[in-house]
Amino acid sequence: MLYLVHMIVRIPRDLPKEEAQKIIAEEKAYSQELQRAGKWVHLWRITGEYANYSVFDVESNDELHDILSKLPLFPFMKIKVTPLAKHPSAI
Amino acid sequence: MLYLVHMIVRIPRDLPKEEAQKIIAEEKAYSQELQRAGKWVHLWRITGEYANYSVFDVESNDELHDILSKLPLFPFMKIKVTPLAKHPSAI
Amino acid sequence: MLYLVHMIVRIPRDLPKEEAQKIIAEEKAYSQELQRAGKWVHLWRITGEYANYSVFDVESNDELHDILSKLPLFPFMKIKVTPLAKHPSAI
Amino acid sequence: MLYLVHMIVRIPRDLPKEEAQKIIAEEKAYSQELQRAGKWVHLWRITGEYANYSVFDVESNDELHDILSKLPLFPFMKIKVTPLAKHPSAI
Amino acid sequence: MLYLVHMIVRIPRDLPKEEAQKIIAEEKAYSQELQRAGKWVHLWRITGEYANYSVFDVESNDELHDILSKLPLFPFMKIKVTPLAKHPSAI
Amino acid sequence: MLYLVHMIVRIPRDLPKEEAQKIIAEEKAYSQELQRAGKWVHLWRITGEYANYSVFDVESNDELHDILSKLPLFPFMKIKVTPLAKHPSAI
Amino acid sequence: MLYLVHMIVRIPRDLPKEEAQKIIAEEKAYSQELQRAGKWVHLWRITGEYANYSVFDVESNDELHDILSKLPLFPFMKIKVTPLAKHPSAI
Amino acid sequence: MLYLVHMIVRIPRDLPKEEAQKIIAEEKAYSQELQRAGKWVHLWRITGEYANYSVFDVESNDELHDILSKLPLFPFMKIKVTPLAKHPSAI
Amino acid sequence: MLYLVHMIVRIPRDLPKEEAQKIIAEEKAYSQELQRAGKWVHLWRITGEYANYSVFDVESNDELHDILSKLPLFPFMKIKVTPLAKHPSAI
Amino acid sequence: MLYLVHMIVRIPRDLPKEEAQKIIAEEKAYSQELQRAGKWVHLWRITGEYANYSVFDVESNDELHDILSKLPLFPFMKIKVTPLAKHPSAI
């Protein structure tokens, strides 16, 4: 089941640099693990913004929330989830 | 799986009265059938507005879209779907 | 009498961790007490957000305000209240 | 119990003049009856707009919805209801 | 002459508690004095929010601004003023 | 007493041309009469829009509403009124 | 090069049914042709709305505009285009 | 002197086709004349929308308003004007 | 040439009091100098807000930007500029 | 390929002055280098705001994102990118 997820990242300036880099590295590893697992099926950078559009393929709202809320960057993100359905014209 | 659905109804004035009443009756029957089936679990009127908040319990985004797009009033509705997950404090 | 309440939680980063955890624990206890009392009838997590939709069943606006303003997390919340009425199609 | 109600009126131009005047007259009578009954406690015109802020004193959300949805101008109104509570500083 | 005033209060967390309580007490005294003087004619808490809707009866925009800008909480408020006029249906 | 008034004009296309021109001419005469009377003290076109910012100098909210609601173009306008006060730096 | 495109469809009620169905059929054929050509790489229905999120893989802004402006439903659509770039964490 | 102008075009469906085409042709001629005259210095289509961003180089706000209000499509446009100044880093 | 300028002032609380008062005094002197020079032709306080509407009469966008960007309070302001043109009904 | 880019700059007050000036100088050098390279084809200050509208001529979304994300002021900017296409009336 697919969801479009819009994530805006705002890392506060007073977060120590090492801590920020550590979190960003964890975020990358976490997202790549989910990508390999086929859960995080698309991850695109929004041109010009520290933000992304992603598509997740999961079994339920709860699974999606679990995944998103465990994002290392979650505390610094504004997230909007749009549930997607099959389009009658999609081949 | 639960979804909160916000529906604003705007029936155009130039829709013939009988046709409007027919659709509204169909809408009521359709919604009550889904309520009895346990799909449409909550249906509340927003005080002062021709609009409602509803909660649906369905298996997937696709099932929800199928249900909503077949609402007789669908062509006259502005709909927003918010996917819900289990809250850690909910008993 | 029912109200839909939208709560967005923003715990400031500079709130000491223990204090934050204490407040969150108090919030959980407080909400579960109200759930058991039948006041807080629904509590759903909005998928992907540190926010919830809740439904309260109380006697008056004042009682609802009293309940909400005593939420341990109240100082860190953005809250919107929508009064609900009985829908003519609701069974 | 008090509610602040914001009403924007948009009477469509193609509504026959007599019908519009009839509805407006009914609206006035309806509102004055509720004012005399102590339900509609304040009715103020928003300067420069075909809109008003009103305050209602009713027993429940349902009673308020019943009153508002029976406004003759209801089909031509955009309404927002804000539930009010007692302010700790109000004398 | 009447004005509807919407006030959202945001007291910064790093304002020392005593100072905050002192200002809140001053605010209460200030508002009650104006209520007794018939200037501040209505003061309602918005259910679920640290905000209020108030109605002022003053002689001019300038008098209203003078009153509002001297609110002890003024530096921590977001205020919107809506000028009100007599409604033709108001009794 | 001064008010800034923002007026957006939307004349419906299906208003017969002569009727539109008649109303526009009446609007011009009406506004120039008020300008001569010192009530309508500024009238500026917003560059690129069929809209204006105006400043009125009147005795009360009611007088302003009376003036604005009698604008021949009033039924085709979206109006926002901002009450102005004396600025402490204004000479 | 990827673009996320948000399309909201509003087919006016007074469009003759056959004409509407003809356009919708043309839209389906047109979109499926582009899907087969690898231009229209994703087409998802937004749950509960007559709207979709799509992803296009094209050579330029101009090519995208050419494709979108030739959509049979283009005159009845509200479209927003978000240019996408490669995300550093995307595998 | 430069201005960025955002123009959204909404040609009503019930405008006879020939009349619409005539206006669009006049619009093209009018804009190309201004482009040749160096007034309309940039004209870009917003990808995916019946809208454009343009830059005008004119002597005054009044001249710009005169130009824009004489656009054949002006009655069917939503226009926003942003005055531009020289950027200190611009070479 | 006239411009309407909307200025919202937000002086951060952690700006030392003396520094704030110094800047405010400089702002007053700066604005009164421009008022005397006929550049800053209107300066009105928005009732209830630490904000103003002003009208400037300058030669160009660049001159206006130069004036505004040199406002001592500029770093603490949110500013919106609306270019004004002569209204055909203005006497 | 052209893109309109809207950049709002908000340099936090607690950024040490020298560091801020260093970044601003780097930004200027970086932007002028791109201007000379023909990538950053227009750079205009929005009158009255610490913001700009720019036009970039680049090969792809990715190239644009690379350029923008390397702006020294990027961490202090709110950026919106609008992809532009050739306008049929542009000469």
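Things worth noting here:
Every chain is named by a letter (A, B, C, D, E, F, G, H, I and J) in the order it is written, and numbering of its residues begins at 1.
The rule is short, and it goes like this: a contact is a pair of C-beta atoms (placed from the backbone, for glycine too) under 8 Å apart; a residue touches a chain by one contact, two chains touch by 3 or more.
Values in this document were obtained by computation on a predicted structure and should not be read as measured data.
Steps from subunit G to subunit H, taking the shortest chain of touch contacts, total 1.
Chains making contact with subunit B as well as with subunit J: A, G.
Taking the mean of the C-alpha atoms as each chain's centre, subunit C and subunit H sit 50 Å apart.
One inter-chain figure worth recording: subunit C and subunit G are separated by 39 Å, centre to centre, where each centre is the mean of the chain's CA atoms. Annotation: 42 Å between the Cα-based centres of subunit B and subunit H.
The residues of subunit J that reach two or more other chains are 2-3, 45-47, 61-62, 64-65, 81, 83-86, listed in rising order. The full set of touching chain pairs reads A-B, A-C, A-G, A-J, B-C, B-D, B-G, C-D, C-E, D-E, D-F, E-F, E-I, F-H, F-I, G-H, G-J, H-I, H-J, I-J. Residues 2, 4, 27-28, 31-32, 35-36, 42-47, 52-53, 55, 82-91 of subunit A are the ones that touch subunit G when the two sit in their complex.
Within the complex formed with subunit E, the residues of subunit C that make contact are 3, 5, 12, 15, 61-62, 64-65, 68-69, 74-75, 79-81. Residues 13, 45-50 of subunit A are the ones touching subunit J in the complex.
Listing the residues of subunit A that touch subunit B in their complex gives 1-3, 60-62, 64-66, 81, 83-86.
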